[in-house]
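Some structures are shown below for you to check.
The following pair of complexes shares a single chain, chain A, combined with chain B in the former and chain C in the latter.
Up next, the complex of A and B:
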């Protein structure tokens, strides 16, 4: 199968101009490679500020890359004309973290759900009735009462709003869906409902999903594969089970330890050694790494296979047997 | 919606009453009106007979009762100077002030809003910087300075337009331009700020991400949302229109309410000052009421907060 999305060596940094002295440069994404197959969900996890959301925006072409290429459905994003790019957007959708912010407060949600059909005339929903029928279908797909379509966003609950945002994303039948922390703003019980809905959509739509989250438990429920990001780089990638059950990278293990466990006596490791500056050479995780050795400070670890599709960017990644314990 | 409207109107009426009452007492408390209205050399008998004639020897509450009952029937007392009803002053001069201020206001919107929109849409470009520099200049320039500059250029130097008076449409151009240009600077800055805030919202990013062309994003999502604060700002300017006209009217010798207020204060013409206070307060409060009502129309969130169903 051809992937719906391929990213090669993506780089993006943010520059803040200073009046005196050199500009502040914050590298947000550094050399990311990834692929998403149709019907597959790739989870991207990492702490806040690691570049997850920037990566999501790069993948959708909402933010220009400094270097590297994104290919979506056979189109290289930078090469398209503005009109072609807008046309392609019907096939690639974004679900934003904060559903209230993502909805226009001044328009009934039903109008907003149907708006992409008005934007993308080429999809063929020319008549009012065709659009209404499609809207009905998509409302049913996200299990939202059609009565609510006449309401304004502020009169819906958080879960209902996220269903609206999903419905708006789905109405053009996209083949790529980037979900940026789609459940973080929701209560746990509502989270479960939305996750259930996303699972169903994933199975039924056949679209490729990029699921960005800081919450490993949520990612585990939905993702087929997981990429762990640290400071703009993918440090570990592989099937969800492989990465989350037998993590090879010290950072992944730290992340997993940060999830509060319900098992009594299971200790939660804290992240106390936050360090701001990027190391000039070597592994960027080295300053925080408990297993860092001399070589980590000088040599850059490349993401390489450590068994099948599982790959890790660590010079001294422990063997599988050591982790199993 | 009806409940919202009624509540707001009632509140406006009460506010007007409070403001007018406050000024009634402020103008009279501990002041010998006769002494003020006549001159310092007037005899005690003359002052006493003046106060008796105009009813200033009565208690304040009695005076207030007479005034407010009269005012409700359209009788705002008489001018000390020419003994004509004070309300006549308003009737004579209000149309002139409205003519000037509405022309200025229209100009203010026609210039200010598009300039602000353009600056926001072209944020950070030369267009933005040019518009904002002009706005900053216009904002800092007092209207009488601009008025005199325009008068010198177009009336004295080029001799294209009359400098003062109010007898023809040509007379209106310079005062209205002075008024509109100074006002539009603030409107442009405010419109730009409101637009920039809205353009930074996630729902704008969402609209762009769904492939909406830039014009559709601006017209369908950004402008309607940015309109809420801009309309508020414009509404408040409506309230200040009449008061603001004072300066421009003085520069161009425009015979409106502003000039009337200045001469009434100079002449200690109490009834005229009082009726003008009523007019200015009515404009201000009326404008606020208008803003509140427009708010309800523009912002669905307010509508729900105010009404039983939305």
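Up next, the complex of A and C:
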């Protein structure tokens, strides 16, 4: 199958000009490669500030890349004209973290759900009745009561709003969906509902999903593959079970250790050190790494296979047996 | 707290606001239909009744507001003047709003050097004593209705530009504009269909501030003789015409002066009220 999304060597940094001296440069995404197949969900995890959201925007062409290419549904995003890019957006959707902010406060949500059909007239929903029928269908798909369609966003609950945003994203039948922390702003019971809905959508629509989250438990429920990001780089990638059950990279293990669990005697590993400056050379995780050796400070680890589709960017990744212990 | 709210509710709309609203309605009706019912033409002369005093000062009902030095009926002239002055102020305010809003949106959309240029123009305009600019412009260009209207329109644009730019930047931060962009909506659609309705409340409050100022600018320039030209008339021109006879016939200045004063005051009062209400709305969230 041809992937719906292919990213090659993506780089993006943010600069802030200073009156005197050189600009502040903050690298957000550094050399990311990834692929998403149709019907597949790729989870992207990492701590806040690691470049997850920037990556999501780069993948949809909402932010220009410094270098590297994104190919989506056979189109190289940088080469498209603005009009073609807008047209392509019918097939690639973004779901934001904050559903209230993503909705116009002064229009009924039903109108907003159907608006992409007016934006993308080439999809052929020319008549009012065709649009209404399609709107009915997506409302059913996200299990939203049609009565709510006449309400304004502030009259809905958080879960209902996220359903509205999902319905709006789905109405054009996108083939790629980037979900940027879609459930982080919701409480746990509503999270479960939305996750159930997303699972159903993934199975039914056959769209490729990119699921960005800092919450490993949520990612485990939905993702087929997981990519772990640290400081703008993918440090570990592979099937969800492989990465989350037998993590090879010290950072993935640190992340996993930070998930609270109800096992008696289990204590959350906390880490107080926060390192702001990038190391000049070597592994960017080395300053925080418990297993860092001399070589880590000088040599740059490249993402390479450590068995099947599982790959890791660590010079001294422990063997599988060691982890099982 | 509960007591305070009940007291406020009991007080209802203050009488000053009721009067202001009443006056504005009267003035609007006069401006719309008044000239058709005016007893005399604007320049119709009644030489037998020059300097006739108003009714309450010993005049007759033939000329309820008195007449001027060549026997023109002040009441009929006043109704026509109100129509022209209100029309100019309204159109002038709208022109300023449209120019300012469009430039404000352009600045907020493109950022970069385009924004720098527009905001520099805004600062330039704000730093300029406008009446001097208007006098110069009217001296250079042919003084006609449209030139004059354009100058009135330009008078307040910089404030709309500044306001709209700030509001649009805020709307972009809110996320709904960004979300629509990611759905593939054309920027024109986002601005006209989504951002504009969201910021219109604040813009219309700015219009109520701008409107009385436009009336005053129009009357001021007409008083100086570089605004509306005879045979047309405006409130400022009436005051200007009556000025030489202020000691013989004070009504020639008093009636148009009162009309200017009451209209600007009324719009300001109602605008204040609108602003308070808008503030309450923003405070709620």
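Definition applied: the second predicted complex is superposed on the first by the 325 of 325 C-alpha atoms of A that agree within 3 Å, B and C clash if a C-alpha of one lies under 4 Å from a C-alpha of the other, contacts with A are read in each partner's own complex, and residues count from 1 in each chain.
Everything below uses one rule, namely that contacts are C-beta pairs under 8 Å (C-beta built on N, C-alpha and C of every residue); 3 or more make two chains touch, one makes a residue touch a chain.
The structure presented is a predicted model; accordingly, all values stated were derived computationally and were not measured.
In this superposed model built on chain A, chain B and chain C take up the same space, so to speak, and clash.
In the superposition on chain A, contact of A:152 is made with chain B only, not with chain C. By the touch criterion defined above, A:122 lies against neither chain B nor chain C after alignment on the C-alpha atoms of chain A.
Judged by the touch definition given at the top, the superposed model places A:18 against neither chain B nor chain C.
Judged by the touch definition given at the top, the superposed model places A:102 against both chain B and chain C.
In the three-chain superposition, chain B clashes with chain C only at 8-16, the remaining stretches of 8-16, 26-34, 44-52 or 62-70 being clear. The interface of chain A with chain B overlaps its interface with chain C at residues 60, 62, 85-90, 93-94, 96, 98, 101-107, 115-116, 119-120, 154, 165, 168-169.
Those residues of chain B lying in contact with chain A across their complex are 201-203, 205-213, 216, 220-221, 224-225, 298-301, 304, 310. Residues 60, 62, 85-90, 93-94, 96, 98, 101-107, 115-116, 119-120, 154, 165, 168-169 of chain A are the ones that touch chain C when the two sit in their complex. Across the interface of their complex, chain B is touched by residues 60, 62, 85-90, 93-94, 96, 98, 101-107, 115-116, 119-120, 152, 154-155, 165, 168-169, 172 of chain A. Taken together, the chain C residues at the contact with chain A in this complex read 174-176, 178-186, 189, 194, 197-198, 285.
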